[in-house]
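Next come two complexes, and both contain chain A; in the first it sits with chain B, in the second with chain C.
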Partner chain A sequence: MKAEAVAAHRGGMWAWLFQRITAILLIVCLAIHLTFTHLLNIGDLGYDNVANRLAHGGLTAVDIILLAAGIYHALNGLRMVLLDYWLTSRVRALAVTIFLWAVGIAFLVYGIWGLWPWIGY
Partner chain B sequence: MSDIKFRLKRQDPRDKENPEAHWEEYTVKYEGENLTVLEGLFYIQESLDPSLSFRYGCGQSICGSCAMYINGAYRLACQTNVKHLAADVITVAPMPHLPLIKDMIVDMDDFFAKYEQIKPWLIRNSPDPEKELIQSAKDAKKIEMPSDCILCGSCYSSCPSAWGEENYLGPAALLKAYRFEVDTRDEAGRERMPDWDNERGVYRCHTIMNCVEACPKELNPTEGIEWLKRAAVRRKVFRRAK
Partner chain C sequence: MSKKPRETANVGAGLWKATGMWAWLLFRISGLILVFYLGAHIIVISTSQFGVGGGTFDNVMNFLDHPVAIVLDVALVVAVLYHALNGVRIILMDLGVGIHRHKVIFWSAMAVVVVCFVIFAYVAFSYLANDVGPWNGALGVAS
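For the complex of A and B:
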């Protein structure tokens, strides 16, 4: 074991804490999302209906939170797996983290862009 | 006179002719009804094969020297009665996933280096009281479980996070960190914290709980590790002292 390797690694608490927070957000937002999208609108998948639903600011907000929480939870989970097997240096760990943040932000921007016409509608 | 078959995993990496791991069988004879695995190993070493190597110390499950992989589980050879294993053959192997030195002896250097890493001693800043540090029965109860750890290394050997990451502190070191952090007499505050509050420390634990399963003293390192994670949140987010 390299003591300096251990000392070089600070932090990790926020990632751990956010993983738990996003888990709770996922349960709540996913339940709302599924209820409004797939239970209350069965067999009614027209453009008008979807647009009408998305016009509600609250539902759009839930969808954005769901998207952000889902992306964070998934990518942080992936990061944990990668670090379990691949974390041999601080540089690598940092590279993995930065890369996954970039991917996550790109997905989030793309998702919000998709919802953009209904935001502030 | 009774006898029982012992199947031992033997390996001497320094033996130039036969450095590979192989299994050898021995028949151990004993008087009376009881025989511990450690006694069986002694019989083999004294009467059958003097080249057999194994560690032992106290013989009363206090020192943690004789942890081995016995009949598919982590056990202390000295506290394992062959009668209780209820098996025709007693299979003994060294603790897996640790560098092997010879036969049942594994290299514990990293294990103890990591143990030292978390500063396993009471850290005090205020002046010592005249007589003693008072501890209530309730406070003493908090350190009861983690204090029972004998550093045998079973949990560390069984932990998949430790297999994958050589620098992960492992359950034993973190249980000891918990033992001192939860102690009401300890005043380390943020002093010890950087040693376990990192991704080579508590956050590398994914609550697989092999350590709980493995511990011959039936302790719960995962519980301690989870307490440390919550303590980190309490201290860094809510600015609590403990």
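For the complex of A and C:
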């Protein structure tokens, strides 16, 4: 019983594994994202500049991976903080997990919608 | 006197003397800052697409060229780099790499943070000082 409760509060094995996988994706993709937006194109950020960059499909792919991995990593991280301080019951934990998935999917859709005008610009 | 009472008395004060506890606290704080930033980033960029022909997006980018925004960007870089490199250390610990030299690994990771930060800060402050990036256009990247 005790062990079961502790396991639930640790967030689960798959969440732990995906947090590591998304972490590695974020390090690689964020390095590319920051290099192209803030080191190489500093001062040039504008609609056409971004469109020129995203015309190379690889950078669009990097941005979409960043969106998905970043949202998962951020919201699962937030979930882990909540599990530590506030989510004492299993019902509450499940409700918050479902709520965060809904929020995450909404942000993913809105983020891809925001990239859309540049794809095939 | 046996060792036990002394060890018990040291719990609490001793925990927060350990590098790992401060590393954990900063990891959590930087993580929460980054969650907030990611949400704001997605909302600001996507919402600017409601403008026609990129006009709103360009206005937002001009607004974010303000020196205060750039200084905040540099602060964000600190949060990103700390979170990323401490995260690398955590993954190494998970894999069992360097557990016996974890302090060396922590301070090596922090050295990488400092080196990367210097690069970003140099570019940002060159931009603020000259209104242009130091290697702008020099590398032939589309602009």
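The working rule: the second predicted complex is superposed on the first by the 106 of 121 C-alpha atoms of A that agree within 3 Å, B and C clash if a C-alpha of one lies under 4 Å from a C-alpha of the other, contacts with A are read in each partner's own complex, and residues count from 1 in each chain.
Here is the rule we go by: a contact is a pair of C-beta atoms (placed from the backbone, for glycine too) under 8 Å apart; a residue touches a chain by one contact, two chains touch by 3 or more.
Source: prediction; values computed, not measured.
Once the two complexes are laid over each other on the shared chain, residue contacts for A:Gly11 go to chain B alone; chain C is not touched. Of the two partner chains, chain B is the only one that A:Leu83 touches; chain C does not reach it. After overlaying the two complexes on the shared chain, residue contacts for A:Asp48 are found with chain C alone; chain B is out of touch. Of the two partners chain B and chain C, more residues of chain A are touched by C. In the superposition on chain A, A:Gly114 makes contact with chain C only, not with chain B.
Touch criterion met: A:Gly70 reaches chain C, while chain B stays clear of it. In the superposed model, A:Ala93 makes contact with chain B only, not with chain C. In the superposition on chain A, none of the residues of chain A is touched both by chain B in one structure and by chain C in the other.
Chain contact summary for the complex, chain C toward chain A: residues 28, 31-32, 34-35, 38-39, 42-43, 45-49, 53-55, 57-58, 61, 64-65, 73, 80, 84, 87-88, 91, 94, 119-120, 123-124, 127, 131-133, 135-136, 139, 141-143. For chain A in complex with chain C, the touching residues are 20, 23-24, 26-27, 30, 34, 36, 38-53, 67, 70-71, 74-75, 77-78, 81, 107, 110-111, 113-114, 116-117. Per the touch definition, chain A reaches chain B in the complex via residues 1-3, 5-7, 9-13, 15-17, 80, 83-85, 87, 93.
Touching chain A in their complex are the following residues of chain B: 110, 113-114, 117, 161, 164-167, 169, 194-195, 197-204, 206, 229, 232-233, 236-237.
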